[in-house]
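The same chain A turns up in both complexes below, where it pairs with chain B and then with chain C.
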Partner chain A sequence: MNATRLIRPAAPLLVVLPALVFLPVLLSLPGQIHGGGWDLIGQFAWAALTPSLDPLVLQSLLNGLAVTIGMALLGWALSLVLGLGLGLVSSRLLWRTLTGTALPADLIRRLLALPRSIHELIWGLLLLQLIGQRPAVAVVAIALPYGALVARVLSDLLDALPTANLAGLRAAGAPAPAALLTALGPPLLPGVVSYGGYRLECALRSATLLGVFGLGGLGNELLLTLQSLEFHELWSGLWLLLAVMLSLETVIGILRRRWSMPGRFGLAGERSGGGSVGRRGREILLTLTLLLPTLVVVARALAVDPSTLLHWQPLPPLAPQGWATALALPWPRLVADTLVLTLLAAGLAVGGAPLLLLLVAPWPWGRRLLQLLWALGRLWPPPLTALLLLFVLQPGVVAAALALGFHNLGILGRLLLEGSEAAGPEVEQGLLCGGSGPRLALLYGRFSGLARSYLAYGAYRADVILRETVVVGLVAGSGLGSQLRESLSAFAWDQLALLLAVYALLTLVGEDLSDRGRQRLLGTA
Partner chain B sequence: MTTPKSLFALLRRERPAAVLAGLSLAVLPAAIPLASTPAALQLLPAAQAQSQNSRVLRISAIPDQKPEKLNRLYGLVANELSKQLKVQVRYVPVTDYGAAVSAFRTGDLDLVWFGGLTGVQARLQKPGARVLAQRDIDASFHTIFIANARSGIKPITSVQGLNQLKGKRFTFGSESSTSGRLMPQYFLSQAGVKLNDFAGGAPGFSGSHDATIALVQSGAYDAGAVNEQVWRASLHDGKANRNKVMAIWKTPGYPDYHWIAQGNLDKRFGAGFTNRLQNAILSWRPQDPEQKQILSLFGAQQFTTATPAAYTRIEQVGRQIGKIR
Partner chain C sequence: MPGPQPDPHRPVTGPPPVLELQEVQIPGRGQPRLDGVSLRLEAGERVALLGPSGAGKSTLLAVANGLLAPRSGAVLWEGQPRARSASKRRRQQARIGTLWQDLRLIEELSVQQNLNAARLAHWGWPRALLNLLLPLESEACAAVLQQLDLDPALLNQPVTALSGGQRQRVALARLLRQEPTLLLADEPLASLDPRLATDLLDLLLRQAQAPRALLLSLHRPDLLGGFDRAIGLRRGHLVFDQPVQAISTTDLQDLYSSHDKGAGGISG
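Presenting the complex of A and B:
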């Protein structure tokens, strides 16, 4: 404790500290590279410039894309409905105002930690076993963990709101429900809408990923074209997906600014337009009313039938010595691999973003190139990246960490860039005029102010990465994910149950640690 | 950096445009599915399985080859069966070996072309299911071990020779494949090669036989194990280049692929339907032009009857490897 107080790194250094993880990864790379498939990597890169324009291919990709977008939209909408309801009932403030005790809120919060701790892919694969191959599976798989996440964010937002207005209304004799709505509704709205928009971006990524594992949509076509090494067709799909993702992000960004919603990690400085409140309300209402019929149409087009969710199928029978075999799995190694994978990937992603921005700072086109690279990182489901890496790398933790790190680098990099642009150019310009180099000006002018909130977000991201390890583990053969694949294909329910329990435990502990880390980072700012 | 701000300003002035931008969020995703609704449905096999009526025979197959080929082949099979049995037959593609087993268990598929291992898994999970037929080549099917020409791996004459694969990069096909995983792993273990003896501490799982051949040919993996029939087909149509990838060993024979039907077909389609279905499959001959096309895509001369007893050996190996419990 004392030591950490004494050697506290300066804020600008803090940002690039996680990048230290590049050292072990780079050092171990020469031993990992087998280089057998450099030809393939070359063909893959060349195909980016020459995607297939065959109308048949495009037709089938567009169909897949439509299914993916539809699944994302439905899963997202359902998760918002779930999240709003559950968020309200897990708010301490609400319970205290209505009943005088906050105990039920704490209980519900604990319960909600469970659906949240399990990745949507696992939900999808489990539901696939329980209710068979139905379009509703992917939608519910996205909605369950997302709903629990939205609920948590919403109740945190609610409980963090200043309560003076509420107390005033209550003191004046307003009944509790009316007072709650009037006092807390308006200040809650911007946060909810902003976060909701961000979840839609996430839902598109999740739907693509679920597709890779056969739950419908473009993801499966991406996987099949990659497996059969048809890179031209693969790139047609990737470019289409990129276009959709970037336009979605742009539209959400425009709406967020237009409606003066807060940015992603509350990096201040957003000027709210004075008299926009009435207009904003109207527009949000209009968007919502348009969204509803859209959802109905999409649900019909995808043949999503909620009633199928009620027809549960019996699971295959358990083996007599199943539990003994399940307990005999190499648990310590699996868990250790998973943790190492998480730390490496988180370090690569959190440290990589500022490091790369600093590296390209002197060149005007560098940032644009980086933005494109990051967009691709966000876009590519990590298992596809892992498969590509296996062309030239040995399977294992390093390949998995690179794939997972690349994906999250895309997400974190974009946030860092948004944050640093919102922070305003004044200090950086001042440093530049004072004669410091572009890299130092960027580091001290922009990053140092952002350091703590960025790292706090990084801590949250590390928790997400822990959950995501399952996704690359399935491909790159490391950690709990690789065992999950084997257990699934053997229909070993006992092993699956244990794996899920271990995963849930790990992510709950991880969430707690990342929360503490975040509070410390933000608290000492 | 000024772009978003100026766009923002523009939007404030141009109110109709801004509203349009707002609407596009809601409308954009909807417009695409609307434009291609029927085709989107085609892509979602589950949607087809779901809109079943009990008079539609839903057939499927484990996805061991490229989807284009599967679509062509099973489209033909559906037509032929429909013509012979006078019932509606629909091919429902699945994306994963395990998903085929699950969909059979959940009753979403009526007749499935399973591999040896997946067939045993399916019958254990769905008691009453019936083994209908196998190809002439399935009674004694073979796996071919292949190697990249630059890998330094030499052709071998006995199972013991497989131990030269220790320390090499090796890939199986799908993890539930009989010829691409189960039997090769069995023969590897006879030669004393464990899964963690491969480079990187684990084998790869390419997903399908085509993928295994492509990956070994490219050098991404030194060696792999593929289904003999797919290997021959790849050599024949030039997909496999003999200068880059070569066969190093052909395994002894074992029973593999077979058709399995649900046990309740007679109840749903009328007494004796399962036998009629079996006889229809067994009746296909190369003399009929359409049946010839089907048989040649299956790589067979004709189908023969099969019994569950033929697959007890697969079941034993499956249990040994932990894929059947």
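Presenting the complex of A and C:
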């Protein structure tokens, strides 16, 4: 045992270590506060309890909500179709079995990195400039990056499956396609359906976010009510959205358990139980057949017309000397801001969830309160939080990090709580019986076992946060996002191209780092 | 719930019993899990809890370590009822040590960190956090390991690296590190081979000197030798409570027999 071994922080400590970023953030807050809008914040908080019940307001909010749900559903379905197809053609295993070489798979994977690395909001804004305000824009904006993400997850799942069955079938003379379907279909299904359900939750959040930036639906209503300080109406919309989101999460959770699919927490590991195979298959098939007509009805109701996507508007001419101006942008500062923003927001989210759980551990109602807070965090599009924070904070990295951190805290907190409830109470109970306090019992008893999988998920989340920096950057004025906004409104396509290239490069490097971190956390048990 | 009654038969002087149950009632589905159970554990006493599966042994131990509050009746630890304030309650719990059947070691931590986890009742946050970073109180930890014939070099090992017998002893070492007065053990020998079982039992009995007391649930009446008293439980009722020497084979046959002898039974 050497010295480094002796001072290595133990598992439960690792979980709360990211919360150290709270220190610089809290210390810098006094300098950031401009005190102007505290009464507005007060009004906003009060309005949560007194939402507007005006039938006209509710009607318009419900319409917006329906559009948002419709966009989410269509974008999600399209992304699944895209993702399944692309996932199959980017699987090394498939190419090797069918043609003998895995090269095309690697090539397609590289190509798919580009749509994946660009946030759905940027896709939305770009398409908005190219095609104009059409219902199909939001659907495609969601489907493109999501499809590429699903493709990656699917091909990773496929390539990680044990191939003994496949080899067995092939050796017995089964033709390649039939052997692939028989050997890999059933073990693949739980992972794909579980991930698909998770993507639907994400799609609802994305559709709301796209609405905030003018692509239709409830998000737009939320933004307008916030900007006109109609907080009572804002909260009516938020509570409605909350109800929809929680019901969706509940239904997906119930189906996941009923079909014994792996939870989101153990990204690796966790085998699904047997026993329900026949019923599960029938029910999944039934769900799919019900989904198809629903999608058609929704597409008609939203007047989504794929042909509009082909009518491109002419681009405004480029300014002379454009490339020189583009290269002269303050790149190091933009990139550094983006990275700092990512680290702060990731620290706040990853460390904040266990910290808050520890804080409320002695009180039974504390957990319920946190669940509500986290649900609101998931539901709130980060740019709206940023706008709200700007009532009292200076625009900049701290405001942006708080907004982004709060949103992701909602997602991570829910997962941590689910994981800690699934972990079983025995060890924690043992510590409590020995007289340890409820907080320390939670830290030692539950967080120890969760540490690795939680941090591995945190690494994945940090990668998502890096992608999302652009979203709050657009509003809170920091990092690449703020520059993107200026370049978009100036129609400076050269700057835009360079910005997107830098952004894509950053997210790809981030993705690689987060993958390595995750593998290290999950690999060495 | 009626308050605890002072026992008229108890001598006026001397310390209160380490554990006292008075007419404890725990409801269950159909029949109660514990029905009017009273017992006393004086300092230095080593008591075995016998009974067939489902007799209520685990329930009784859960009442004794404060996990379950009885619907009626009273539980007194060193003469005191369950404390009301959280901090007093923690101090009370710290004096009750439980050796769990599933051990409840924290798999992700080292042996030393596990042993120190027993001190969390007395430690504040700084030390509790430091324990996750540095080896704390190594001498005290090494001392309890030596008491149980374990090599102090194990301190830096992760508990996952230990053998089954070592894990049992580390769990017992953690119990000693807690410095409890009441030692409770729920079928600690169930999963051990005969030699390990007698070794562990010897260690446990050796630790139960006054002011400590031991209550241990046992599924093997052949191991009663080192105990002072045995308590028989059947269907939530106390069937006997007498010195080990006074227990006859008929008592044991009745206790484990398959036919129902009816509620109440013989009282010791």
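Keep in mind that, in the parts below, the second predicted complex is superposed on the first by the 510 of 525 C-alpha atoms of A that agree within 3 Å, B and C clash if a C-alpha of one lies under 4 Å from a C-alpha of the other, contacts with A are read in each partner's own complex, and residues count from 1 in each chain.
As a convention for this text, contacts are C-beta pairs under 8 Å (C-beta built on N, C-alpha and C of every residue); 3 or more make two chains touch, one makes a residue touch a chain.
Keep in mind the model is a prediction, meaning the values are calculated, not measured.
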item	value
Partner chain(s) touched by A:214 [first = chain B, second = chain C, both, neither]	first
Touching partner for A:309 - first (chain B), second (chain C), both, neither	neither
Partner chain in contact with A:59 - chain B first, chain C second, else both or neither	first
First (chain B), second (chain C), both or neither touched by A:37	first
Contact breadth on chain A, by residue count: chain C or chain B	B
Partner chain(s) touched by A:431 [first = chain B, second = chain C, both, neither]	second
Which of chain B and chain C A:362 touches, first, second, both or neither	second
Touched partner set for A:240, first chain B, second chain C, both or neither	neither
Which superposed partner A:491 touches (first chain B, second chain C, both, neither)	first
Common ground on chain A, meaning residues reached by chain C in one complex and by chain B in the other	none
Contact footprint of chain B on chain A as seen in their complex	34, 36-37, 39-40, 59-60, 62-67, 69-70, 72-73, 128-129, 131-135, 137, 213-214, 216-217, 220, 223-224, 227-229, 247-248, 251-255, 257-258, 273, 283, 286-287, 290-291, 294, 297-298, 301-303, 305, 308, 313, 316-319, 322, 325, 390-392, 394-396, 421, 425, 477-478, 482, 485-486, 488-492
Interface residues, chain B side, partner chain A - complex	1, 4, 7-8, 11-12, 18-19, 21-30, 32-37, 39-47, 49-51, 66-67, 94-99, 101-103, 105-108, 121, 124-125, 148, 169, 175-176, 199-202, 204-208, 210-211, 214-215, 218-222, 322-325
Contact footprint of chain A on chain C as seen in their complex	65-67, 86, 90-98, 100, 102, 104-110, 113, 117-118, 120-123, 125, 128-129, 132-135, 156, 178, 180
Residues of chain A defined as touching chain C within the complex	1, 5-7, 9-13, 362, 426-427, 429-437, 440-441, 443-445, 448-449, 451
